[in-house]
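In what comes next, subunit A is part of two complexes: it sits with subunit B in the first one and with subunit C in the second one.
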Partner chain A sequence: MSYETFSQINWSIMTPEFIILGVIAILILMDLFMPKTLDRKILGWIGITATFAAMVYTAAMAGGPVQSILHDTFRIDSFAIAFKLLILVGGALVLFLAVSYEPKDGVERYQAEFYYLLLTAMLGGMLMTSSGDLVTLYIGLELLSITSYILAGIRKFHPQSNESAMKYVINGSISSAIVLFGMSYVYGLTGTTNLLNIANELAALANSNHVYLLTIAFLMIVIGLAFKISAVPFHMWAPDVYQGAPTPVTAFLSVVSKIAGFVIVIRILLTVFGFAATKGPGSPPILYDMQNYLAVIAGATMIVGNVVAIKQTDIKRMFAYSSIAHAGYLIVAFTSLTTNMFQAIWFYLLAYLLMNLGAFAVIQVITEKAGSTKIAEFAGLYRRAPVLAVSMGILLISLAGFPGTAGFIGKLNIFLGTFYAEPSHYVLASIMIATTVVSYFYYFRVMTQMFFRPAADESKFSIPFGILVVLIVAVAGSVLFGIMPNFAFDFLQNNLDILGDFFK
Partner chain B sequence: MNLQSILSILVFSPLLGIIVLALLPKTQEKAVKAIGILATLPALILSLAVYAHFLAGKNLSDFSISVPWIKFRGINAQEPFFTVSYELAVSGFQLVLVVLTAIVSTLAAIGAAKFIKKEWKGYYMLFLLLLTGMLGVFTAENLILFFIFFEITLIPTFFLIGKWGYFEKEKAAYSFLLYNGLGSAVLLIVIMILFAKTGTSNIEILRQMMADPSGPLKDGFKLGLFIALLIAFGVKLPIFPLHTWMLRVHVQAPPSVVMIHSGILLKIGAYGLIRFGMGIFPKQFESLATLIAILGVINLLYGAFLAFIQTDFKMVLAYSSISHMGIVLIGLAAMNEAGIQGAIFQVVSHGLISALLFFLVGVIYERTETSFIDKLGGLAKGMPLAAGFLLAAAMASLGLPGMSGFVSEFMAFLGLFKVEPWIAAVGTIGIIMTAAYLLRAVLGMTYGKARREFDGGLDLKGAELVPVFVLMLLIVLIGVYPSVLSSPLQATLETILLGLGG
Partner chain C sequence: MENAWLIPLFPLLSFLLLLLIGKRMKEASAYVGILMTLASLVFSILVLFERFQEPSYLVKFNWLTIGDMHLTAGFEVNQLNALMLFIVSLVSFLVHTYSKGYMHGDERFHIFYAYLGLFTFAMLGLVISPNILQTYIFWELVGVGSFLLIGFYYYKEEAKAAAKKAFIMTRIGDVGLLIGMILLFWQTKSFEYSEIFKAVEAGSVSNTMITLTAILIFIGAIGKSGQFPLHTWLPDAMEGPTPVSALIHAATMVAAGVYLVAALFPVFSASKTALLTVAVIGGFTAIFAASIGIVQTDIKRVLAYSTVSQLGYMMLALGSAGYVAGVFHLMTHAFFKALLFLAAGSVIHAVHTQNIEEMGGLWKKLKWTAPLFLIGTLAISGVPGLSGFFSKDEILAAAWEGGHPVLFILALIAAFMTAFYMFRLFFMVFTGENRGNQKEVHESPSVMTLPMLVLGILAIVGGYVNTPWFGSFLGDWLVDGNTALGHAHIEGPAWIMFAATIVSLAGILLAYLIYGKRSIAPDWLSGKGGILHTILYNKFYIDEFYQITIVAITKGISYFLRFIDVFIVEGLVKAVTGMVQGLGNIGSKLQSGQVQTYGAVAFLGLAVLVVIYALTGGYLR
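On to the complex of A and B.
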């Protein structure tokens, strides 16, 4: 490639990625040249600043035309901007948790790595949102996954953390391999890795035998991605990994990774399988035929996540199952395949991001202080730290989906889609509502501990600044979007035409 | 003042009290209690003002407010918005319930100052949130707003029971949460189906849409939705066999919460059945009327028989509530003016009577630390005022003429005898049983040999007399002069009967 062609590429649309990448490089260098005795926390703050800069730049791109560079492998459309914003907001909040995390069990030696690996993982997620090609999607996915494996095991001298990393590596790489295998079928059928070209090729699929190959590809990809979003029956890794990883990493896995997982699910399934006619031109695409499989996964995910969460005595395991359950709700939104699907998923992810990260902020404070992750450590929190207890209460109410919180509006939006779709998914919606009631069991058990039980020790908490920021954003956001959801809906509607841009 | 904003102020005024309480230090016991009680007054005064507005012959629709609120977008291209509006309004029926809520809540707040022994600040904050939820439930004009307020009542009630209740409080709180959670889950399915299929959740528009035979939903589907509604509100009312949670709550919750729970929260079930069940699905209600009448009679008899064998007076009252809610169902199933009016009268009358009874039980429990009938006895000697009022309240409850209970039972049965004489005849056994179990329980407590030494000063005194007098006054007022209730109900009844085609 000559310099001319190189410089003619419109690199500016990659600015958010370049900001993060640049800061990662700077952090690595700073870590190298900083005296060993200096506190590495400053590196975390630099990372946060960079994330905000990337966030502002991404937001400024909203409303612009669809642009793509590098042979359409990297694209900026409304979908990319909307979900990249979520990833950046989530990433920034996780970094706030990370700088408030007191390093121990070996993390103290790798504190700088801790920050820039989080940034790298986030970068992987950002790449995924903007990918227009199977290869870039996969690269983004692996960038995110591989850094996450290291992060899960960063507490080097903590056995559980090592176990968690090991399990994550094995499960994660198997699932990546399965996805790749599925992708290879798609490539074999169409001879291209570009998503839109694939869509065009498959729409004109003439040989009916190819449909079977395509079905195999679909199932492979769905199974592989189901690992990534921890959908049942491929969810087993989540509780162990969540429990062993340091709390900020758990928060990252349960929120940012999950957002990225849904990004890739939507991109691949919708473009590759959304147009592939199965019975000649003009017949319904294969995705509609496969709706039932997705519905079964969604139903099983909600039931298993919510029911098994009841039995947990460990708060991080409980939240692992809770995040499995929430993934189930999101798959319901995807399964309904209505035109408001993007909105429903985006808003639910936003609500989920706020409430889950807020809850993890509280969990981090409590478990770090107590040195254990038992739910019983929350006993008497209301007496010890009323602010923490009431914040956690509001976030739990939002997670349980009670009105007045963003969680409720998000669920309402999903229900609307399932009932509006023709044919309506009554069973799926009923499972979702019933399992929501089941979730009251375990969310309110934490409440019982916090508000009804006496405290084992009466010592007070000191709340670090970073935790405070996350809590304020999370609680204010959960309540604001619960009472005035139009702020988010209007932003999406007025600036981002996701559906219109998606296939351009 | 702008009339349209009055309902919003009415509903959200308790929140102001929460903010003030949040700023008070929790050691200031007297101030916390005073603010907690005072914060219920704006709602009471405004609701009475709205009632006065009605009595002056003016139109209640002056108060209606409707502002677009949530816009769910992009569902399809033709209809870009699914709008949920912020809509509050009162009809005569709703007004009656709002006034009832405001009165009982103020009295329960006064009662709480007496009955609650710890952490008043948290108690009153939750209590005021509950009040906002209840007022919102009765003024919401669309189903989603109704549901939001309906769920808002769940959370504070859970905490009020679980933290300030008696021995098995946490179990009671959980069973409250889960039963009601399931009930509202079913309700949410119905609401969202209606919303998604019709594009509106406004109750009035839905009523017209469902009455139109060419509407978007088929008859069989509507019947399914109605049955779901019946289950959802059946948990709340409660209808046998969905009642077990309510027994636990009545026994374990603190008396001031039971006053609200038995007095108002159960009435949301009746309100929902009348306003949505009968209002939106009149034809479906008609087709199940016999079943509802039978369910009503089962409730009435089951409650009455079990109340007869209870040893704990709180349990007597809990079963008595089930029994009395049977009368609501009986009245509704009659589907004529007398029956429906009787049902609504029963809703209000039972709200007042059970609030009074539970207040008295609370007082007696506080003095004697028991509510078991065989451990009491001879109360008339030591606590003559309390015993007297207890007897009077029991008389009202069993339907003594001249008190509110009589009017409602009489009308409900009058209605049912017209259409289903046999079922009604069976139901009358329940009335006899009511007299039997109430007299057995109350006489056992007030007369007979005193089981303990009553030293002086145990009787009702000071602020305790306020709730007792106010409630008794209202019970007698409705009994003697029923048109205080029936005149605001007139318009509502006409609309419902029009929907029933009668």
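On to the complex of A and C.
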């Protein structure tokens, strides 16, 4: 590539990615040259600042035209901006958790690595939102995954953390293999990796044998990606990994990684299979044809997540199942394929981001202090730390989808979507309601522990600054978007025409 | 009326204030709560009087726009809302005042007041909501408030269990409400009451759909109003402090179900099946709960079952197209049942037990409480001249005119039972010898007796707003020519009033013979002897006769129903929870920690989907 062509590329649309990449490089160098005795926390704050800068820059791009560079492999459309913002907000909050994370088993030496690995994983997610090509999507996915494997095992003197990393790597590899296998079929049938070209090629697909192959590819991609969003049947790694990983990493996996997972699911399924004709041009696309399969996955995910969560005695495992359940609700939104689908998924992810990260902030404080992750450690929290208990209470009712909270609006949206869809998904809607009721049991068990149980010891908590920031943002957001959801919806509606941009 | 939105905000302010500075204020917290609810009450009264002269008032603004869906929020003052605002804020204010005496000395005094504020806010918010979605939001908030209040004595295992049970049971009903609400939205494209009514009236919703949504919404009301079969939480909820029982389980939260049916009455009345369902469930609950009330020995549990029964009465009225009758009874019931609960609280406060077998002879010791309790008892029993008489008469007429003779008879029997068990309660508590071992029994302080006095007066005169003699002011005002709500006054045959009177007096008489007389008899007999002895002996013989026949049969039925209650209804609940738990167990067993299992499950899932695809939609066909 000559300098001329290189300089003609509109690199500015990659600015958020460059900011993060640059800061990662700076952090690595600083870590290398800083005296060993110096506290590495400052690196974490630099990372947070960079994330905010990237966030501001991304938000500034909202409302602009669709742009793409590098042969359409990297694109900026409304979908990319909306979900990149979510990833950045989630990433920033996780970094706040990370700077307040002080484990006692000698990982201080890796503290700097902790920060820039988190940033790298986030960068992977950001690339995924903007990818217009199967290859870049996959690279983003792997960048996110491989750094997550290391992050899960970063407490290297802690056997559980090692086990967690090991299981994560093995399952992750299996999932990657399945996804790639599925993608290879798609490539084989179309001869291109560019998503929009694939869509055009497949829209004219007439050979029924090819449709058959393509549907197998669809199933493989769905099952493989189920790993990233921890949906049935690829959900079983989640509890083990969540439990063993350091709490900020668990928070990252349950939120940022999951958002990225939904990004890739939507991108691939909607562009590749949203146009692939089942019986020649003009016939319903494969995606519509396969709605029932998605519905089965959604239903099973909601049931497994919510029902098994009841039996858990470990708070992190419980939240692992809870995050499986939330993935189920999100797949319901995707399954109904209404015009409001993007808003519904985006808003739910936003609400989920706030309430889950807030909950993990509380979990981090309590499990660190108690040295155990049992739910029983929450006993009497209201007496020991009323602020923590009340915050956690609000976040829990939001997770449970209680009116007045963002979680409720998110669920209501998805729920209305199932009725608006043609044909309506009554069964999914009923499963969703029934399992939501089941979820009250386990969320409220934590509530009863906090408010109605005597505390084992009466010692008070000190809340680190980072945790406090996350809590304030999470609680305020959950309540604000519960009462005034229009703030979020208007932003989306006025600036980002996701549906209009998506296939341009 | 423009300022009606302020009414719910006062208690909210009280809640927030007490949450922030309550700890420092200690028992002075009570004044914050009392003042704030007083403000609400004053505004409510003003709004109520304004509504007498002016038309309804509605404010709404766009709350949420998603794609082409527009959801609104706002507030509305119509007849029903205005009346409910008054009832709720009045009872709440009185309970706030009363609690100052009752909760005196409690370690978490300020928290109690904070919770009361939250609950009152939610309930007032519920009644001024102009659309069903907003109603639902406050509906759930009411649930949270009651969860906190019932579980207030959290160190008591039973209270904790009761709070949880109340929450989960009502949630089951709420699922019905939520689905019904979404179906209505789907059909009418609006959550607003007025839009929904318009669509229903215009016939743009199919009959089956109306019936379905109405019944689903009614399921929500069943949960909240403790109707069969979701009633079991209500008696258990008596573990909460007694003022809470008066507020939540007499006048407000449990009435929310009745209010919901009343608010959506045009939807219900568009479907005969839905109305009949409401009437049958209500009628059955009325007699079912009343018969269980006969054998209870806990003063609050008797009142709890009586509440369930009376709510059934209101549902029966609404189901028989007696809109006015139902709302009227909702109002009078709020007065006399709140009075009874507060008086019961005063009794408990004095003797420190809830078991009526350990009470007795308190008439002379509780100079204020006893007569007030008697007023409440007379009112609920339907003795002529008191408020309960008029509203009950209206309900019986509605049931008769509604064309359900069986339900009418059920209602009549339930009225008899009500009079019987309420006077059984009265005689066992206040007359005869003291069977307990309380040494010093004191009357409650005036901060507790005054609210009871107010309610006592209302329990007497509250019925005169709608009588066959002095005109049906309430009915005319409530209906105001709206044909969807039915007639302002249902003119039943005159004999219904006599029948109701006779039935209620018969119940009282029977209770007197069994529980009033018998407890006096032994001592009295040994002292006097002679002719009197034989007469009384014979009377006693009559008692025995009653005991063997009527009472034994009723008791038999009662125990049988209690059996259904404990083993079948609760059993079903247990079975469902057991199933969920079992599935959970299987799920956690599968989670073996073996990473190869996890991979295998994923592959298996993929294989199953591919096979299904191959068999159903794909290559093989």
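Quick note on the criterion: the second predicted complex is superposed on the first by the 501 of 504 C-alpha atoms of A that agree within 3 Å, B and C clash if a C-alpha of one lies under 4 Å from a C-alpha of the other, contacts with A are read in each partner's own complex, and residues count from 1 in each chain.
We adopt the following convention: a contact is a pair of C-beta atoms (placed from the backbone, for glycine too) under 8 Å apart; a residue touches a chain by one contact, two chains touch by 3 or more.
This structure is a prediction, so every number in the text was calculated from the model and none was measured.
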{"item": "Superposed partners subunit B and subunit C on subunit A - clash or fit", "value": "clash"}
{"item": "Subunit B versus subunit C as contact partner of A:T339, first or second or both or neither", "value": "both"}
{"item": "Contacts of A:F451 with subunit B and subunit C, given as first, second, both or neither", "value": "both"}
{"item": "Partner chain in contact with A:D240 - subunit B first, subunit C second, else both or neither", "value": "second"}
{"item": "First, second, both or neither for A:F402, with subunit B first and subunit C second", "value": "both"}
{"item": "Which superposed partner A:A251 touches (first subunit B, second subunit C, both, neither)", "value": "neither"}
{"item": "First (subunit B), second (subunit C), both or neither touched by A:K311", "value": "second"}
{"item": "Chain touching more of subunit A, residue-wise (subunit B, subunit C)", "value": "C"}
{"item": "First, second, both or neither for A:Y212, with subunit B first and subunit C second", "value": "second"}
{"item": "Intersection of subunit A interface sets (partners subunit B, subunit C)", "value": "339-340, 343, 397, 402-404, 408-409, 413, 415-416, 419-420, 429-430, 433-434, 437, 440-441, 444, 448, 451-452, 485-486, 489-490, 493"}
{"item": "Subunit C - residues contacting subunit A, complex", "value": "62-67, 69, 136-141, 144, 151, 154-155, 160, 163-164, 167-168, 171-172, 175, 178-179, 182-183, 185-186, 580-581, 583-585, 587-588, 590-591, 593, 595, 597-599, 601-606, 609-610, 612-613, 617-619"}
{"item": "Interfacial residue positions of subunit A with respect to subunit C in the complex", "value": "166-167, 170-171, 174-175, 178, 209, 212, 215-216, 219-220, 223, 226-227, 232-234, 236-237, 239-240, 289, 293, 296, 303-304, 307-312, 339-340, 343-344, 397, 402-404, 408-409, 413, 415-416, 419-420, 429-430, 433-434, 437-438, 440-441, 444, 448, 451-454, 485-486, 489-490, 493"}
{"item": "Touching residues (chain side subunit A, partner subunit B) in the complex", "value": "338-340, 342-343, 397, 402-404, 408-409, 412-413, 415-417, 419-420, 424, 426, 429-430, 433-434, 436-437, 440-441, 444, 447-448, 451-452, 485-486, 489-490, 492-493, 499"}
{"item": "In the complex with subunit A, residue positions of subunit B that touch it", "value": "69-77, 82, 144, 147-149, 151-152, 154-155, 158-159, 162-163, 170, 174, 177-178, 181-182, 185-186, 188-189, 192-193, 195-197"}
